[in-house]
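Chain naming follows the written order as A, B and C, and within any one chain the residues start at number 1.
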């Protein structure tokens, strides 16, 4: 009984967190200081941009408790969102395990979050060696080294490197810088066992309870801008896919110029399964890359592709062995970097020139469709049902 | 000698049948009643449409005997058409074997046809279980079940599920209905060992002896409309390819959104071999799906692809084991059906939006080219030569 | 010491040859007479066209010695060009070995060249059987046989069948004829262990020392016209790839309709590695055929594909065994030739109709980019550095 009660409290707290994402925008730096990474820019330049952005468009919402009468979605539904979240944590052993551990120890979500951060940073210590040019953003670690920019996705307020507007805006900011500086290319990888689990629904669903239509429009606009910034990025985009890439996380691979995948990685676009139409231009890229029959099974049936299958279908350039993945990526990056910056840029421009307008139009259409879908209450039902199913990462 | 004489009589009769396809439009229902299938629509709604259609455009032709002086193709040629037909029957053991059996027993074509029908229906008893929503059309069995429409091709007046205008119009009619009703998707499969052998040349060649130019134009128009109805079908098109798919039968797979193939199936587009240019948008879809070099070998060289090869090239989504093919298809269909109808429709719309105009233009061009080719006497020579070669199905 | 001196003399001579390519335009026919090939057109009809062309556009340059003060590139650089050439010869055992042999024997480049020619012709005796319709051009052997045209690349003034304007103009001339005569298709193969090593930089670099901007524009224009003539060729283009295809040599494969590769062949487009942007429409064709991730690795990273990999990615139709390669090609060609000429032509037209404008636009853009790149002195540095690395063929 007491365990059940404790669980209820945790649920309430986590719901609270879910519904008030902007209440703690400043990243805790304590754990970072403990880690080996030397930080040059202690506060993300993105956070400011983002705060401004939020200020302009709407006032910071007050903390809305889970039982608020203003909620469009019933409390039972919200509880089920949290149940979905809990389930998610249970299944996704690491790094969610740290969070779960915290929960089990009665430490609450905040303590669990802190331990999660520590874990992240410990992992970063391996992949980001001590170098003076590692910048810690809120959701990214950015390394500028050997004439390329390396973005390491390590989201703070989303599980499994899911993409919410905060994360997307940070990524866009770094990409905008990398487009202008002396970087020859942009390498995208991520911390943890999951490369990217797509859109952050746990962030997004509670938002919809405020003003469904407005939030859907905002989210669609954010997504549109983010995907366009990938489509229009002028230098080679290289992805090092260490683990599962799901939904938007898989779709962005098709917008990259080189994709190296860990053999343990897998690709899935279960859009229809979560009541969605395709995003990230996948309705254009996947059929073009692998043919409509293969793409149909992915986009409509949510079939999961192993890294090797994805490679044979053209979505992945090469599959690398897990235990030497990082070294192999490093070596291949060095080979790419032997080319001239201008040549790489012009080659990329030529390679993408014929598909750019198609991609932009598709992005427009996809976001338009998603806006409509998100604005419907049926979608919330569908996505909640999906999230309640065990997600094996 | 007497056997030879009998053969000649059979030939004459079959020629007669070939040259007067509209003489027996009403399907015999006796055999169906004997089979286990409960018929809701005893007469195909398509037959009426089609009769009307024929009435409007031209008077029903009188029976034209093989030796008619009005024929453009010489009697020897017509005999060779029939020889081709005979050869075809000899090689294609089943279901043609039933026809051959009837011939051997001196029962004539009509009796043989009846036995063929029985065979078909016996086979249907396995694949179409007794359900109140199975409709028997003349060339199709249509099942409405679990929110999807299942079309089972089982042509009556063509071998190996070849597509003649009658069959195409029936398919179009069912597709038009499935586009509007509550079906989430359309599953296309077929009865017998062959999925679809493409255009029904044995139906078409005798037609050309009447008015070559007019008939070529009519056929091209019918084909154009049929292929466009596939291109424009608004819901996911799923094909379960139980056996060989040849020519147009292979081309339509590239217009489907999901294609599951029996491991025994194979794909071939021997267009050049029968003096043809590509049809069914294959000149657009195949190079796009598998690259021009691979597509060139198929479209120009008529190379045969095994199901596994077709899968590795992106024409087939998955290859399934023969002995559990139907169960596997059923299971995968159920998975697809778990998605929302509107989401499936919108996803399909997005997936096809960028290629639709290209497909329609290609269809236009292909039918234009075929019209010219069919109108030439050289083509009849070419196709007769092709048909005389043993067709291994 | 004396060996070193001798080397220097050889270098000077070869530089001399490099810088005065038009000084010996008439092909030596002595060796050909000795070989088994019966020549119908003793002088290539192309040579005349080409001479005219050269006369119109510019006066024949006087022999410019390597130490000429008019040279933009320093003598040390030119020496390094030659060093690159020498290195190339050392590594590329055959047919370069003959040249090297001549050098070792102190016979000078001319003698070595003669022996090289003999080798070529000896090899031709195997692949071109004595037939009255074999035409010896300067850089090609053209066979008209069984209603198809067979071009066998065997360049005289470039190593490894590299393409310089002379070779490209000859190819264009033969293609223009094959487009109009009764050939059903055009088969492209080559003599020697290398199919085609792409653009002939050893020919091109010394040209740049004269008037960099003008020569870059001329070369870009020549390339544009050559690639367009491939794109617009109205009949099926078949390539029999006996050995490595590099750069432009690989890019033209994607413009062919059927590509059969020897299992020993490999494909590489190390454009970025030699400071280049893609040519031969490869920035359009490769991403379309194999997806951007796979194409990116090829075009940006210069990854080498084995014939089997190229086949699985759709760039090659089929991989054939080395020791029966020619027979297999012959047999498959016969199969293709069984089709009607008009049908092959119209099918090709349909297959390419939807991509033609995209290809032409890409060709335009690519040549525009190359013109800019070639006009920069940085490029000469880059390409010289690349050429100095051992090229393993």
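Criterion: a residue touches a chain if its C-beta (ideal position, glycine included) is under 8 Å from a C-beta of that chain, and two chains touch if they have at least 3 such contacts.
Owing to the predicted nature of the structure, the values given are computational and were not obtained by experimental measurement.
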Just to be sure I understand the contacts, which chains border both chain C and chain B?
A
Between chain C and chain A, is it the same set of residue numbers doing the touching on each side, over half shared, or a different set?
different
For the two copies chain A and chain B, what rotation in degrees overlays their C-alpha atoms? Round to the nearest 5.
120
I'd like to verify one number: the distance from the centre of chain A to the centre of chain C, where each centre is the average of its C-alpha atoms, in whole angstrom.
47
Would you pick out the residues of chain C that each touch at least 2 other chains?
288, 290, 312-313
Would you pull the chain A residues touching chain C in the complex into a rising list?
236, 253-259, 285, 288-290, 312-318, 332, 335-336, 338-340, 343-344, 346-348, 350-355
Once bound in the complex, which stretches of chain C touch chain A?
271-273, 275-278, 283-284, 287-288, 290-297, 299-303, 312-313, 358, 361-362, 365-366, 369, 373, 378, 382
